[in-house]
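Structures for review follow.
Same chain, two partners: subunit A is paired with subunit B first, then with subunit C.
For the complex of A and B:
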């Protein structure tokens, strides 16, 4: 099986592909961390990394199709190694993705580029007035734990003797001072519920300046890169399973299988409809990546990996037509 | 037909994804890389537009950059260049032209307060443009009201998360200590002080 794996691995990562990957890595590094024009954001680098991994999946589909045309499947059958052949294909694909991720990680951690100096990012949050002295805040994404609300209160109509006021939910109360931005740390429950209602004493007559309400989210430090890249690998593990399943069980062209696998994986990002486990955050990237990065819950993650394992298992079983 | 059915289904799925991406209902895996690259290029174009003093292009690019990356600084920078910096006496700009661009710049800032990730610096900038570039050349009562409201909001935030310091909180508390009918005068005198210092 190892020999088979290494053969497929060499076919997957041929010299031109290695050269392209190296060039892509250099380009991604410069585009992400360029001193003057780069966004100095890990998210940009992660986005280029996701694109490279998607390209490797497409390459994997192409190699599968090549192997089918070359009759490898028939030869594997003659050697009674069909099941192992399928496993070796997935092993080779996972290993090639793993190699790319390790290289990306080494490059960034070794060169240690300067990241955006501001370790906190501000994001929009929807707010509405629930009553004269209470406000409800909502957001769409699964935001990371430790996020907080950043609010500005107007004291113009407060009675003269009010020097400070308080903001509370049903459990906690915090002091708010005029002329200071007020931070409300979100609890795990708030983050899970994606909503929170805060209120102030009615007699203090505070008003929230709603256009200035923001969510503050801490950007992951550079030391979180290995974990972020590992998340990408876990995401693409199931994509490999999908690709193999479509190719071997449904007998679809390899190139189309890889595109289909990427399309199905993209359904995790479909708005308003939950067709797949909520694992889109595994590949959170781009210049606002901190909003969803590292927020995948364990149940969704293990369901996703379970789906991947099941797909690889089913694609390992020799197709009936090939057994003749 | 039956034999090819899975291929048709997969092709239909890929087509569905393309349509969903086009309609904005879905983001396909790897799409963020395209956005990151677009943003990098827009920064290049923005720099070029700054050199060429093409303010409208700057504002348009700033809005797109902000949409992709959440960087509010570019919009504030374009408003600063168009409405404040190039209206200084040293630029010998005609008064009408300066007034036009100052009004345009505050429009860019005012209309995007709820959309900018970090609106606080823009509030202060808008106030300065009103006070230093618009009101000396215009008798608009609305502009004066806008300036007072904008500055009051900025004071209430203490200058925002990065500018928060006991001094700015003190300014807002002094403002609140004034009787309501004297608060506008407090802001005006405070702004006069700031501009005299600068």
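For the complex of A and C:
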């Protein structure tokens, strides 16, 4: 099986593909971290990495189709009814993705690029006035624990001699100075519920400057890169299983199978309808990455990996004979 | 005394088999081949030889009837699909990896049957149609199959290739079924000939 895997691996990562991947890696590094071009953010680098991994999945589908045209599926059926070729194919695909990820890590950790010096990132947060003296804040993504709300209040009609007021969530009460930036730490429950309501218990006509409301999120350090890239590998593991299943069991063209697998996997990012386990954060990139990176729930992750394993298992069963 | 036929199951048995393409008026296939039998099945174009070969291999499903065969099977397709960008040796290595059991030594033997060792490192696509047919033939013997189905194996073979094929067939202990139209040169490969219509 390892011989078969290595043969498929060599087909997947042929010399032109290795050259393209190397150039892409160099381009990704420069566009992400160059002091004039780049955003100096790991999120930017991760978005290029996700694109490369998606391209490798498409390449995997192409190789599957090539192998079908070369009669390998028939050889599977003829020689071994348990069709270990499917396992070999998935091993080769995972390994090729793994190689790219390891190279990405080595390049970034070795060159140690200057990241954005600010330790924390500020993201917009949806706020609405719940009543005259209370405000509700909501956000769509899973955000990391330890995040804070950054708020600025003002007195609409400042009472005489009153310079401070207080804000409460009905359990904790904090003093706030209108005009100054105020940070409200979010609890685990707040993070899980993706909403929090704050109120002003005193009748001080306190008003929130809503356009300035922000979520403050700690940026993952560069040492988190291996974990972030590993998350991408875990995400694409199930995509590989999906691609194999569509190709082998549903007998769809290999190129279409890979595109279909990527399209189905993208459903994990749907927020309103929960069709798939909520693992979109595994491939969070760009600006959104700061909010969602490393926030994947363990249950969702293991469900996602379980789906991948089940798909590979069902792909391993010998294809059925056709009716003419 | 128990006869050989009772102790050894037949290598191939067809009982009232209706192939996928057959109309209801066509007679059903009933046929049995014992271990070690070597048969040439002759039939005109379009009579269903390839469909039957593919049904025996499991690529096509019989509409009705029972089909039993040996588990270790070799198949030479009429129109082989070979990995043209792969080297001959790598192709056989992959087939070895696909096949159950330890058949690494078998690989060199099968390649030597058809003098393929001299082209071991060449890409299959660089070889002539005749040499590609030799590869197609050699892979069928890989893994010591009990039943070998050859669909028009003489295609593109020169005299030397036909001689090699005749020798390999003669020395093989497997049950061999060759499907071919009449008068294509396959008659010289095996002495026992039957017509496709006799399978019904």
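The rule we apply is simple: the second predicted complex is superposed on the first by the 309 of 324 C-alpha atoms of A that agree within 3 Å, B and C clash if a C-alpha of one lies under 4 Å from a C-alpha of the other, contacts with A are read in each partner's own complex, and residues count from 1 in each chain.
Just so we're on the same page, a contact is a pair of C-beta atoms (placed from the backbone, for glycine too) under 8 Å apart; a residue touches a chain by one contact, two chains touch by 3 or more.
These numbers were taken from a predicted model, which means no experiment stands behind them.
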Legend entry - Of subunit C and subunit B, partner touching more subunit A residues: B
Inset, instruction - Scan A:20 for contacts with subunit B and subunit C and give back first, second, both or neither. - result: neither
Legend entry - Partner chain in contact with A:70 - subunit B first, subunit C second, else both or neither: second
Legend entry - First (subunit B), second (subunit C), both or neither touched by A:233: neither
Legend entry - Which of subunit B and subunit C A:3 touches, first, second, both or neither: second
Inset, instruction - Would you check which partner chain A:178 touches, where first means subunit B only, second means subunit C only, and both and neither mean what they say? - result: first
Legend entry - Intersection of the subunit A residues that touch subunit B with those that touch subunit C: none
Inset, instruction - Report the residues of subunit B in contact with subunit A in the complex, numbered from low to high. - result: 3, 6-7, 10-11, 13-14, 16-17, 20, 25-30, 32-37, 39-40, 43-44, 47, 68-71, 113-115, 117-120, 152-153, 155-158, 160-162, 164, 168-173, 176, 180, 183
Legend entry - Touching residues (chain side subunit C, partner subunit A) in the complex: 19-21, 51, 55, 57-61, 63, 73-75, 77, 80-84, 86, 90, 93-100, 143
Inset, instruction - Would you pull the subunit A residues touching subunit B in the complex into a rising list? - result: 31-32, 34, 37-39, 41, 43-44, 46-48, 50-51, 54, 118, 120-124, 150, 152-156, 158, 163, 177-181, 209-212, 214, 216, 239, 246, 250-253, 256-257, 259-260, 262-267, 269-272, 283, 285-289
Inset, instruction - Spell out the residues on subunit A that touch subunit C in their complex, using ranges where they run on. - result: 1-4, 7, 66-67, 69-72, 74-80, 84-85, 88, 320-324
